[in-house]
Amino acid sequence: MIEIERAVMFYDTDAGGVVSNIAYLRFVEDARTVLLNTLGFPLAEIAARREFPAVLRTEIDYRKPAVLGDVIRVTARVEEVGRLRFWCGFELSRLSGGDVLATCRQRVAFLRMPEGGVLPVPESIRAEGA
Amino acid sequence: MIEIERAVMFYDTDAGGVVSNIAYLRFVEDARTVLLNTLGFPLAEIAARREFPAVLRTEIDYRKPAVLGDVIRVTARVEEVGRLRFWCGFELSRLSGGDVLATCRQRVAFLRMPEGGVLPVPESIRAEGA
Amino acid sequence: MIEIERAVMFYDTDAGGVVSNIAYLRFVEDARTVLLNTLGFPLAEIAARREFPAVLRTEIDYRKPAVLGDVIRVTARVEEVGRLRFWCGFELSRLSGGDVLATCRQRVAFLRMPEGGVLPVPESIRAEGA
Amino acid sequence: MIEIERAVMFYDTDAGGVVSNIAYLRFVEDARTVLLNTLGFPLAEIAARREFPAVLRTEIDYRKPAVLGDVIRVTARVEEVGRLRFWCGFELSRLSGGDVLATCRQRVAFLRMPEGGVLPVPESIRAEGA
(Lines give C-alpha, C1' and ligand atoms only; values in the text may rest on other atoms or scores of the structure.)
Protein backbone atom coordinates (compact mmCIF):
# COMPACT_ATOMS: atom_id res chain seq x y z
CA MET A 1 0.00 0.00 0.00
CA ILE A 2 1.14 3.52 -0.76
CA GLU A 3 -0.30 6.84 0.28
CA ILE A 4 -0.08 10.37 -1.04
CA GLU A 5 -1.48 13.74 -0.01
CA ARG A 6 -2.98 16.33 -2.30
CA ALA A 7 -4.14 19.84 -1.37
CA VAL A 8 -7.40 20.84 -3.05
CA MET A 9 -6.78 23.52 -5.69
CA PHE A 10 -9.24 26.03 -7.16
CA TYR A 11 -9.33 24.10 -10.43
CA ASP A 12 -10.45 20.98 -8.53
CA THR A 13 -13.61 22.70 -7.28
CA ASP A 14 -16.81 23.65 -9.06
CA ALA A 15 -19.56 26.24 -8.66
CA GLY A 16 -21.26 24.01 -6.07
CA GLY A 17 -18.34 25.01 -3.81
CA VAL A 18 -16.97 21.46 -3.56
CA VAL A 19 -14.43 19.30 -5.37
CA SER A 20 -15.81 18.17 -8.75
CA ASN A 21 -16.55 14.46 -9.13
CA ILE A 22 -14.10 14.37 -12.04
CA ALA A 23 -11.21 15.88 -10.06
CA TYR A 24 -11.19 12.90 -7.69
CA LEU A 25 -10.15 10.73 -10.62
CA ARG A 26 -6.98 12.79 -10.96
CA PHE A 27 -6.17 12.14 -7.30
CA VAL A 28 -6.80 8.44 -7.93
CA GLU A 29 -4.51 8.49 -10.97
CA ASP A 30 -1.79 10.24 -8.95
CA ALA A 31 -1.99 7.46 -6.36
CA ARG A 32 -2.10 4.66 -8.96
CA THR A 33 0.97 6.16 -10.61
CA VAL A 34 2.89 6.17 -7.32
CA LEU A 35 1.70 2.61 -6.59
CA LEU A 36 2.92 1.32 -9.96
CA ASN A 37 6.17 3.23 -9.62
CA THR A 38 6.75 1.49 -6.28
CA LEU A 39 6.10 -1.88 -7.94
CA GLY A 40 8.70 -1.26 -10.63
CA PHE A 41 6.84 0.65 -13.33
CA PRO A 42 7.98 4.28 -13.41
CA LEU A 43 6.27 6.44 -16.04
CA ALA A 44 9.48 7.06 -17.98
CA GLU A 45 9.91 3.32 -18.55
CA ILE A 46 6.26 2.80 -19.34
CA ALA A 47 6.51 5.42 -22.04
CA ALA A 48 9.80 4.08 -23.39
CA ARG A 49 8.53 0.48 -23.63
CA ARG A 50 5.10 1.57 -24.89
CA GLU A 51 3.55 -0.85 -22.37
CA PHE A 52 0.86 1.21 -20.68
CA PRO A 53 -1.34 0.43 -17.68
CA ALA A 54 -4.88 1.00 -19.00
CA VAL A 55 -7.95 1.45 -16.84
CA LEU A 56 -10.65 -1.04 -17.92
CA ARG A 57 -13.25 -0.13 -15.32
CA THR A 58 -13.67 2.47 -12.58
CA GLU A 59 -16.11 2.31 -9.67
CA ILE A 60 -16.14 5.31 -7.37
CA ASP A 61 -18.43 6.18 -4.46
CA TYR A 62 -18.59 9.78 -3.33
CA ARG A 63 -19.32 9.90 0.39
CA LYS A 64 -18.59 13.40 1.66
CA PRO A 65 -17.62 16.58 -0.20
CA ALA A 66 -14.10 18.02 -0.09
CA VAL A 67 -13.66 21.78 -0.15
CA LEU A 68 -10.97 24.44 -0.66
CA GLY A 69 -8.46 24.19 2.15
CA ASP A 70 -8.76 20.42 2.53
CA VAL A 71 -5.77 18.14 2.10
CA ILE A 72 -6.83 14.76 0.76
CA ARG A 73 -4.97 11.59 1.75
CA VAL A 74 -5.19 8.90 -0.91
CA THR A 75 -4.21 5.30 -0.26
CA ALA A 76 -3.78 2.80 -3.09
CA ARG A 77 -3.17 -0.93 -3.07
CA VAL A 78 -3.34 -3.94 -5.36
CA GLU A 79 -6.46 -5.85 -4.33
CA GLU A 80 -6.95 -8.80 -6.67
CA VAL A 81 -4.78 -10.12 -9.45
CA GLY A 82 -5.72 -12.31 -12.39
CA ARG A 83 -3.54 -13.43 -15.25
CA LEU A 84 -4.30 -10.44 -17.51
CA ARG A 85 -6.01 -7.91 -15.24
CA PHE A 86 -5.80 -6.65 -11.69
CA TRP A 87 -7.84 -4.47 -9.36
CA CYS A 88 -6.46 -1.50 -7.48
CA GLY A 89 -8.34 -0.14 -4.46
CA PHE A 90 -8.28 3.47 -3.30
CA GLU A 91 -9.52 5.37 -0.28
CA LEU A 92 -9.67 9.17 -0.22
CA SER A 93 -9.96 10.78 3.20
CA ARG A 94 -9.67 14.27 4.66
CA LEU A 95 -6.28 14.58 6.31
CA SER A 96 -7.76 16.68 9.10
CA GLY A 97 -10.24 14.52 10.99
CA GLY A 98 -9.94 11.47 8.78
CA ASP A 99 -13.43 11.47 7.23
CA VAL A 100 -13.63 9.14 4.25
CA LEU A 101 -14.53 11.25 1.21
CA ALA A 102 -14.59 8.58 -1.49
CA THR A 103 -13.69 4.97 -2.16
CA CYS A 104 -12.71 3.70 -5.58
CA ARG A 105 -11.70 0.53 -7.42
CA GLN A 106 -10.11 0.31 -10.85
CA ARG A 107 -9.51 -2.76 -12.99
CA VAL A 108 -6.25 -2.34 -14.89
CA ALA A 109 -4.40 -4.21 -17.64
CA PHE A 110 -1.05 -3.58 -19.27
CA LEU A 111 -1.48 -2.94 -22.99
CA ARG A 112 1.19 -2.75 -25.67
CA MET A 113 0.47 0.50 -27.52
CA PRO A 114 -0.48 1.45 -30.12
CA GLU A 115 -1.39 -2.15 -31.11
CA GLY A 116 -3.49 -2.62 -27.97
CA GLY A 117 -2.40 -6.20 -27.21
CA VAL A 118 -2.92 -7.27 -23.58
CA LEU A 119 0.20 -8.30 -21.65
CA PRO A 120 0.26 -10.69 -18.68
CA VAL A 121 0.17 -8.99 -15.29
CA PRO A 122 3.82 -8.50 -14.29
CA GLU A 123 5.24 -10.66 -11.50
CA SER A 124 5.80 -7.81 -9.01
CA ILE A 125 2.11 -6.96 -9.16
CA ARG A 126 1.05 -10.64 -8.91
CA ALA A 127 3.16 -10.93 -5.77
CA GLU A 128 1.43 -7.90 -4.27
CA GLY A 129 -2.04 -9.34 -4.84
CA ALA A 130 -1.23 -12.76 -3.40
CA MET B 1 -33.09 9.62 -23.96
CA ILE B 2 -30.89 12.34 -25.32
CA GLU B 3 -27.75 12.17 -27.41
CA ILE B 4 -24.85 14.49 -28.07
CA GLU B 5 -21.72 14.35 -30.20
CA ARG B 6 -18.26 15.43 -29.13
CA ALA B 7 -15.14 15.60 -31.30
CA VAL B 8 -12.02 14.35 -29.54
CA MET B 9 -9.67 17.24 -28.78
CA PHE B 10 -5.91 17.17 -28.13
CA TYR B 11 -6.49 17.84 -24.45
CA ASP B 12 -8.69 14.72 -24.24
CA THR B 13 -5.84 12.45 -25.31
CA ASP B 14 -2.76 11.26 -23.44
CA ALA B 15 0.74 10.09 -24.32
CA GLY B 16 -0.63 6.59 -24.97
CA GLY B 17 -2.16 8.16 -28.10
CA VAL B 18 -5.74 7.54 -26.94
CA VAL B 19 -8.42 9.44 -25.03
CA SER B 20 -7.59 9.55 -21.30
CA ASN B 21 -9.90 7.57 -19.01
CA ILE B 22 -10.67 10.81 -17.17
CA ALA B 23 -11.73 12.71 -20.30
CA TYR B 24 -14.65 10.29 -20.85
CA LEU B 25 -16.16 11.58 -17.62
CA ARG B 26 -16.36 15.05 -19.14
CA PHE B 27 -18.28 13.62 -22.11
CA VAL B 28 -20.58 11.85 -19.62
CA GLU B 29 -21.11 15.10 -17.71
CA ASP B 30 -21.91 16.94 -20.93
CA ALA B 31 -24.57 14.35 -21.70
CA ARG B 32 -25.98 14.33 -18.15
CA THR B 33 -26.24 18.13 -18.29
CA VAL B 34 -28.20 18.00 -21.54
CA LEU B 35 -30.41 15.20 -20.13
CA LEU B 36 -31.24 17.21 -16.99
CA ASN B 37 -31.79 20.33 -19.05
CA THR B 38 -34.33 18.43 -21.15
CA LEU B 39 -36.09 17.29 -17.98
CA GLY B 40 -36.46 20.85 -16.69
CA PHE B 41 -33.20 21.53 -14.88
CA PRO B 42 -31.09 24.00 -16.86
CA LEU B 43 -27.75 24.89 -15.27
CA ALA B 44 -28.68 28.55 -14.77
CA GLU B 45 -31.65 27.56 -12.59
CA ILE B 46 -29.67 24.92 -10.73
CA ALA B 47 -27.11 27.55 -9.81
CA ALA B 48 -29.75 30.15 -8.89
CA ARG B 49 -31.68 27.73 -6.62
CA ARG B 50 -28.49 26.20 -5.19
CA GLU B 51 -30.06 22.76 -5.74
CA PHE B 52 -27.34 20.77 -7.44
CA PRO B 53 -27.42 17.32 -9.01
CA ALA B 54 -24.55 15.50 -7.26
CA VAL B 55 -22.94 12.30 -8.50
CA LEU B 56 -22.97 9.70 -5.69
CA ARG B 57 -21.40 6.82 -7.63
CA THR B 58 -19.88 6.30 -11.07
CA GLU B 59 -19.30 2.96 -12.80
CA ILE B 60 -17.58 3.11 -16.17
CA ASP B 61 -16.32 0.33 -18.43
CA TYR B 62 -13.78 1.21 -21.06
CA ARG B 63 -14.21 -1.10 -24.05
CA LYS B 64 -12.28 0.36 -26.97
CA PRO B 65 -9.98 3.35 -27.21
CA ALA B 66 -10.97 6.60 -28.92
CA VAL B 67 -8.34 8.57 -30.81
CA LEU B 68 -7.77 12.00 -32.36
CA GLY B 69 -10.18 12.47 -35.24
CA ASP B 70 -12.98 10.44 -33.65
CA VAL B 71 -16.36 11.95 -32.97
CA ILE B 72 -17.98 10.34 -29.94
CA ARG B 73 -21.75 9.92 -29.72
CA VAL B 74 -22.99 9.89 -26.13
CA THR B 75 -26.49 8.79 -25.19
CA ALA B 76 -27.93 9.42 -21.74
CA ARG B 77 -31.14 8.26 -20.12
CA VAL B 78 -32.75 7.95 -16.70
CA GLU B 79 -32.63 4.26 -15.82
CA GLU B 80 -33.98 3.74 -12.32
CA VAL B 81 -35.57 6.19 -9.90
CA GLY B 82 -35.92 5.96 -6.14
CA ARG B 83 -37.32 8.54 -3.78
CA LEU B 84 -33.99 10.32 -3.14
CA ARG B 85 -31.65 8.97 -5.81
CA PHE B 86 -31.73 7.97 -9.44
CA TRP B 87 -29.48 6.23 -11.91
CA CYS B 88 -28.49 7.64 -15.29
CA GLY B 89 -27.11 5.34 -17.98
CA PHE B 90 -24.69 6.36 -20.72
CA GLU B 91 -23.29 4.76 -23.84
CA LEU B 92 -20.32 6.26 -25.69
CA SER B 93 -19.80 5.07 -29.25
CA ARG B 94 -17.68 6.09 -32.23
CA LEU B 95 -19.88 8.00 -34.65
CA SER B 96 -18.11 6.43 -37.61
CA GLY B 97 -18.79 2.69 -37.51
CA GLY B 98 -20.72 2.69 -34.24
CA ASP B 99 -18.24 0.77 -32.05
CA VAL B 100 -19.15 1.05 -28.39
CA LEU B 101 -16.21 2.74 -26.62
CA ALA B 102 -17.52 2.86 -23.06
CA THR B 103 -20.64 2.33 -20.99
CA CYS B 104 -21.31 4.18 -17.78
CA ARG B 105 -23.86 4.48 -14.96
CA GLN B 106 -24.08 7.26 -12.40
CA ARG B 107 -26.22 7.45 -9.28
CA VAL B 108 -27.34 11.02 -8.74
CA ALA B 109 -29.16 12.97 -6.01
CA PHE B 110 -30.23 16.58 -5.82
CA LEU B 111 -28.52 18.34 -2.90
CA ARG B 112 -29.25 21.74 -1.45
CA MET B 113 -25.87 23.49 -1.28
CA PRO B 114 -23.92 24.44 0.69
CA GLU B 115 -25.86 22.66 3.48
CA GLY B 116 -25.79 19.33 1.63
CA GLY B 117 -29.38 18.27 2.43
CA VAL B 118 -30.82 15.65 0.07
CA LEU B 119 -33.95 16.66 -1.86
CA PRO B 120 -36.59 14.26 -3.21
CA VAL B 121 -36.12 13.28 -6.84
CA PRO B 122 -38.17 15.79 -8.87
CA GLU B 123 -41.37 14.61 -10.53
CA SER B 124 -40.18 15.06 -14.13
CA ILE B 125 -37.30 12.66 -13.45
CA ARG B 126 -39.54 10.16 -11.62
CA ALA B 127 -41.83 10.13 -14.65
CA GLU B 128 -38.87 9.37 -16.91
CA GLY B 129 -37.79 6.37 -14.85
CA ALA B 130 -41.26 4.89 -14.60
CA MET C 1 -12.59 33.37 -39.30
CA ILE C 2 -14.56 30.60 -37.67
CA GLU C 3 -16.81 30.63 -34.67
CA ILE C 4 -18.04 28.03 -32.23
CA GLU C 5 -20.36 28.03 -29.23
CA ARG C 6 -19.76 26.24 -25.95
CA ALA C 7 -22.16 25.95 -23.02
CA VAL C 8 -20.44 26.35 -19.65
CA MET C 9 -20.36 23.03 -17.79
CA PHE C 10 -19.98 22.39 -14.05
CA TYR C 11 -16.43 21.19 -14.55
CA ASP C 12 -15.57 24.54 -16.18
CA THR C 13 -16.46 26.47 -13.02
CA ASP C 14 -14.66 26.79 -9.70
CA ALA C 15 -15.61 27.53 -6.11
CA GLY C 16 -15.58 31.26 -6.88
CA GLY C 17 -18.79 30.53 -8.83
CA VAL C 18 -17.28 31.50 -12.18
CA VAL C 19 -15.51 29.78 -15.06
CA SER C 20 -11.93 28.90 -14.09
CA ASN C 21 -9.17 30.80 -15.89
CA ILE C 22 -7.82 27.47 -17.12
CA ALA C 23 -11.13 26.33 -18.65
CA TYR C 24 -11.05 29.23 -21.12
CA LEU C 25 -7.96 27.68 -22.67
CA ARG C 26 -10.00 24.59 -23.54
CA PHE C 27 -12.53 26.80 -25.32
CA VAL C 28 -9.64 28.45 -27.16
CA GLU C 29 -8.23 25.07 -28.15
CA ASP C 30 -11.64 23.94 -29.40
CA ALA C 31 -11.78 27.02 -31.62
CA ARG C 32 -8.19 26.66 -32.84
CA THR C 33 -8.90 23.05 -33.74
CA VAL C 34 -11.93 24.05 -35.82
CA LEU C 35 -9.92 26.86 -37.44
CA LEU C 36 -7.10 24.52 -38.46
CA ASN C 37 -9.58 21.92 -39.63
CA THR C 38 -11.15 24.54 -41.89
CA LEU C 39 -7.71 25.39 -43.28
CA GLY C 40 -6.99 21.77 -44.21
CA PHE C 41 -5.57 20.26 -41.01
CA PRO C 42 -8.07 17.86 -39.46
CA LEU C 43 -6.90 16.19 -36.24
CA ALA C 44 -6.93 12.70 -37.75
CA GLU C 45 -4.40 13.77 -40.41
CA ILE C 46 -2.31 15.70 -37.92
CA ALA C 47 -2.01 12.57 -35.80
CA ALA C 48 -1.31 10.31 -38.79
CA ARG C 49 1.43 12.57 -40.18
CA ARG C 50 2.84 13.32 -36.70
CA GLU C 51 2.99 17.01 -37.69
CA PHE C 52 1.42 18.79 -34.75
CA PRO C 53 0.44 22.44 -34.31
CA ALA C 54 2.22 23.44 -31.10
CA VAL C 55 1.41 26.51 -29.04
CA LEU C 56 4.59 28.56 -28.49
CA ARG C 57 3.02 31.42 -26.54
CA THR C 58 -0.39 32.28 -25.12
CA GLU C 59 -1.59 35.72 -24.06
CA ILE C 60 -5.07 35.88 -22.57
CA ASP C 61 -6.94 38.76 -20.95
CA TYR C 62 -9.87 37.95 -18.71
CA ARG C 63 -12.40 40.79 -18.90
CA LYS C 64 -15.68 39.57 -17.38
CA PRO C 65 -16.58 36.32 -15.63
CA ALA C 66 -18.68 33.61 -17.26
CA VAL C 67 -21.05 31.58 -15.10
CA LEU C 68 -23.18 28.43 -15.21
CA GLY C 69 -25.91 28.86 -17.79
CA ASP C 70 -23.80 31.01 -20.11
CA VAL C 71 -23.11 29.98 -23.68
CA ILE C 72 -19.75 31.28 -24.85
CA ARG C 73 -19.18 32.26 -28.47
CA VAL C 74 -15.54 31.88 -29.51
CA THR C 75 -14.18 33.34 -32.73
CA ALA C 76 -10.78 32.36 -34.09
CA ARG C 77 -8.75 33.72 -36.96
CA VAL C 78 -5.21 33.71 -38.33
CA GLU C 79 -3.77 37.13 -37.54
CA GLU C 80 -0.13 37.24 -38.62
CA VAL C 81 1.97 34.71 -40.48
CA GLY C 82 5.73 34.34 -40.61
CA ARG C 83 7.77 31.66 -42.33
CA LEU C 84 7.87 29.30 -39.33
CA ARG C 85 5.27 30.67 -36.92
CA PHE C 86 1.86 32.29 -37.01
CA TRP C 87 -0.48 34.04 -34.58
CA CYS C 88 -4.10 33.09 -34.03
CA GLY C 89 -6.48 35.57 -32.40
CA PHE C 90 -9.52 34.65 -30.33
CA GLU C 91 -12.44 36.51 -28.83
CA LEU C 92 -14.73 34.91 -26.25
CA SER C 93 -18.09 36.59 -25.70
CA ARG C 94 -21.34 35.76 -23.95
CA LEU C 95 -23.86 34.68 -26.56
CA SER C 96 -26.66 36.40 -24.69
CA GLY C 97 -25.90 40.14 -24.71
CA GLY C 98 -22.55 39.90 -26.44
CA ASP C 99 -20.28 40.99 -23.58
CA VAL C 100 -16.64 40.25 -24.34
CA LEU C 101 -15.40 37.83 -21.66
CA ALA C 102 -11.82 37.31 -22.79
CA THR C 103 -9.46 37.97 -25.66
CA CYS C 104 -6.54 35.72 -26.48
CA ARG C 105 -3.62 35.36 -28.90
CA GLN C 106 -1.53 32.25 -29.48
CA ARG C 107 1.67 31.87 -31.48
CA VAL C 108 1.72 28.50 -33.17
CA ALA C 109 4.21 26.43 -35.15
CA PHE C 110 3.92 23.06 -36.82
CA LEU C 111 6.38 20.58 -35.30
CA ARG C 112 7.31 17.14 -36.54
CA MET C 113 6.95 14.89 -33.48
CA PRO C 114 8.56 13.32 -31.63
CA GLU C 115 11.74 14.85 -33.11
CA GLY C 116 10.46 18.40 -32.58
CA GLY C 117 11.70 19.87 -35.87
CA VAL C 118 9.91 23.05 -36.96
CA LEU C 119 8.09 22.89 -40.29
CA PRO C 120 7.36 25.88 -42.54
CA VAL C 121 3.90 27.40 -42.08
CA PRO C 122 1.65 25.63 -44.61
CA GLU C 123 0.45 27.58 -47.65
CA SER C 124 -3.26 27.58 -46.72
CA ILE C 125 -2.42 29.33 -43.46
CA ARG C 126 -0.05 31.78 -45.15
CA ALA C 127 -2.86 32.71 -47.54
CA GLU C 128 -5.18 33.35 -44.60
CA GLY C 129 -2.77 35.73 -42.92
CA ALA C 130 -2.04 37.73 -46.04
CA MET D 1 9.99 33.27 -3.93
CA ILE D 2 8.60 29.80 -3.45
CA GLU D 3 9.20 26.63 -5.41
CA ILE D 4 7.31 23.40 -5.86
CA GLU D 5 7.91 20.17 -7.77
CA ARG D 6 5.33 18.30 -9.80
CA ALA D 7 5.78 14.92 -11.49
CA VAL D 8 4.21 14.76 -14.96
CA MET D 9 1.14 12.50 -14.93
CA PHE D 10 -0.53 10.71 -17.84
CA TYR D 11 -3.42 13.16 -17.75
CA ASP D 12 -0.96 16.04 -18.25
CA THR D 13 0.23 14.66 -21.59
CA ASP D 14 -1.45 14.56 -24.99
CA ALA D 15 -1.26 12.43 -28.10
CA GLY D 16 1.77 14.42 -29.27
CA GLY D 17 3.62 12.58 -26.47
CA VAL D 18 4.32 15.78 -24.52
CA VAL D 19 2.70 17.79 -21.73
CA SER D 20 -0.33 19.67 -23.04
CA ASN D 21 -0.05 23.46 -23.16
CA ILE D 22 -3.08 23.67 -20.86
CA ALA D 23 -1.60 21.38 -18.18
CA TYR D 24 1.21 23.89 -17.54
CA LEU D 25 -1.40 26.33 -16.28
CA ARG D 26 -2.32 23.86 -13.53
CA PHE D 27 1.33 23.74 -12.46
CA VAL D 28 1.35 27.55 -12.47
CA GLU D 29 -1.80 27.65 -10.36
CA ASP D 30 -0.32 25.17 -7.89
CA ALA D 31 2.69 27.46 -7.49
CA ARG D 32 0.60 30.64 -7.23
CA THR D 33 -1.51 28.98 -4.53
CA VAL D 34 1.57 28.10 -2.51
CA LEU D 35 2.97 31.62 -3.03
CA LEU D 36 -0.23 33.27 -1.78
CA ASN D 37 -0.45 30.81 1.11
CA THR D 38 3.06 31.84 2.12
CA LEU D 39 2.04 35.50 1.99
CA GLY D 40 -0.91 34.95 4.32
CA PHE D 41 -3.73 33.85 2.01
CA PRO D 42 -4.48 30.17 2.54
CA LEU D 43 -7.29 28.78 0.35
CA ALA D 44 -9.54 27.99 3.31
CA GLU D 45 -9.54 31.65 4.36
CA ILE D 46 -9.95 32.89 0.82
CA ALA D 47 -13.06 30.75 0.47
CA ALA D 48 -14.42 31.76 3.90
CA ARG D 49 -13.96 35.50 3.23
CA ARG D 50 -15.12 35.21 -0.40
CA GLU D 51 -12.14 37.38 -1.39
CA PHE D 52 -10.63 35.54 -4.29
CA PRO D 53 -7.37 36.14 -6.17
CA ALA D 54 -8.49 36.36 -9.82
CA VAL D 55 -6.20 36.07 -12.81
CA LEU D 56 -6.66 39.09 -15.09
CA ARG D 57 -4.04 38.19 -17.70
CA THR D 58 -1.74 35.27 -18.41
CA GLU D 59 1.33 35.32 -20.66
CA ILE D 60 3.12 32.01 -21.09
CA ASP D 61 6.02 31.03 -23.35
CA TYR D 62 6.55 27.36 -24.07
CA ARG D 63 10.25 26.73 -24.63
CA LYS D 64 10.86 22.98 -24.47
CA PRO D 65 8.47 20.05 -24.13
CA ALA D 66 8.08 18.07 -20.92
CA VAL D 67 7.38 14.35 -21.14
CA LEU D 68 6.26 11.42 -18.97
CA GLY D 69 8.87 10.77 -16.32
CA ASP D 70 9.86 14.42 -15.94
CA VAL D 71 9.60 16.23 -12.64
CA ILE D 72 8.89 19.92 -13.17
CA ARG D 73 10.23 22.53 -10.76
CA VAL D 74 8.07 25.64 -10.64
CA THR D 75 9.21 28.86 -9.01
CA ALA D 76 6.80 31.70 -8.27
CA ARG D 77 7.39 35.23 -7.06
CA VAL D 78 5.63 38.57 -6.80
CA GLU D 79 7.18 40.76 -9.51
CA GLU D 80 5.39 44.11 -9.59
CA VAL D 81 2.70 45.54 -7.36
CA GLY D 82 0.21 48.32 -8.05
CA ARG D 83 -2.59 49.54 -5.83
CA LEU D 84 -5.23 47.15 -7.22
CA ARG D 85 -3.27 44.59 -9.23
CA PHE D 86 0.01 42.73 -9.06
CA TRP D 87 2.11 40.52 -11.33
CA CYS D 88 3.38 37.08 -10.40
CA GLY D 89 6.26 35.54 -12.34
CA PHE D 90 6.83 31.82 -12.84
CA GLU D 91 9.58 29.65 -14.26
CA LEU D 92 9.05 25.99 -15.04
CA SER D 93 12.17 23.88 -15.45
CA ARG D 94 13.01 20.19 -15.70
CA LEU D 95 14.35 19.05 -12.33
CA SER D 96 16.85 16.76 -14.01
CA GLY D 97 19.25 18.94 -15.98
CA GLY D 98 17.53 22.23 -15.29
CA ASP D 99 16.28 23.06 -18.80
CA VAL D 100 13.76 25.89 -18.74
CA LEU D 101 10.48 24.51 -20.12
CA ALA D 102 8.26 27.55 -19.84
CA THR D 103 8.11 31.04 -18.38
CA CYS D 104 4.88 32.70 -17.35
CA ARG D 105 3.50 35.94 -15.91
CA GLN D 106 0.04 36.49 -14.46
CA ARG D 107 -1.61 39.74 -13.44
CA VAL D 108 -3.79 39.14 -10.40
CA ALA D 109 -6.35 41.12 -8.38
CA PHE D 110 -8.30 40.26 -5.28
CA LEU D 111 -12.03 40.34 -5.99
CA ARG D 112 -14.91 40.17 -3.54
CA MET D 113 -17.20 37.46 -4.90
CA PRO D 114 -19.85 37.13 -6.12
CA GLU D 115 -20.16 40.94 -6.46
CA GLY D 116 -16.84 41.21 -8.28
CA GLY D 117 -15.60 44.38 -6.55
CA VAL D 118 -11.82 44.90 -6.72
CA LEU D 119 -9.99 45.04 -3.38
CA PRO D 120 -6.69 46.86 -2.75
CA VAL D 121 -3.62 44.65 -2.96
CA PRO D 122 -2.98 43.40 0.58
CA GLU D 123 0.00 44.77 2.47
CA SER D 124 1.96 41.49 2.68
CA ILE D 125 1.95 41.30 -1.12
CA ARG D 126 2.86 45.00 -1.51
CA ALA D 127 5.84 44.39 0.78
CA GLU D 128 6.95 41.48 -1.39
CA GLY D 129 6.91 43.53 -4.58
CA ALA D 130 8.82 46.43 -3.08
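Chains here go by letter, A, B, C and D, matching the order in which they are written, and residues are numbered from 1 within each.
The rule is short, and it goes like this: a residue touches a chain if its C-beta (ideal position, glycine included) is under 8 Å from a C-beta of that chain, and two chains touch if they have at least 3 such contacts.
What you are looking at is a predicted structure, and each value in this text was computed from that prediction instead of being measured.
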item: Residue-number overlap at the chain B/chain C interface, same or different (half cut); value: same
item: From chain A, the most remote chain by mean C-alpha position; value: C
item: Between chain A and chain C, centroid-to-centroid distance (C-alpha), Å; value: 31
item: Geometric centre distance via CA averages, chain C-chain B, whole Å; value: 26
item: Intercentroid distance (Cα basis), chain B paired with chain A, Å; value: 21
item: Where chain C touches two or more other chains, by residue; value: 10-11, 15-18, 22, 26, 29, 47, 67-68
item: Residues of chain D touching chain A in the complex; value: 7-11, 17, 26, 29-30, 33, 42-47, 67-69
item: Interface residues, chain A side, partner chain C - complex; value: 10-11, 13-18, 20, 22, 67-68
item: List of chain A residues in touch with chain B within their complex; value: 15-18, 21-22, 25-26, 29, 47, 52, 54-62, 65, 113-114, 116
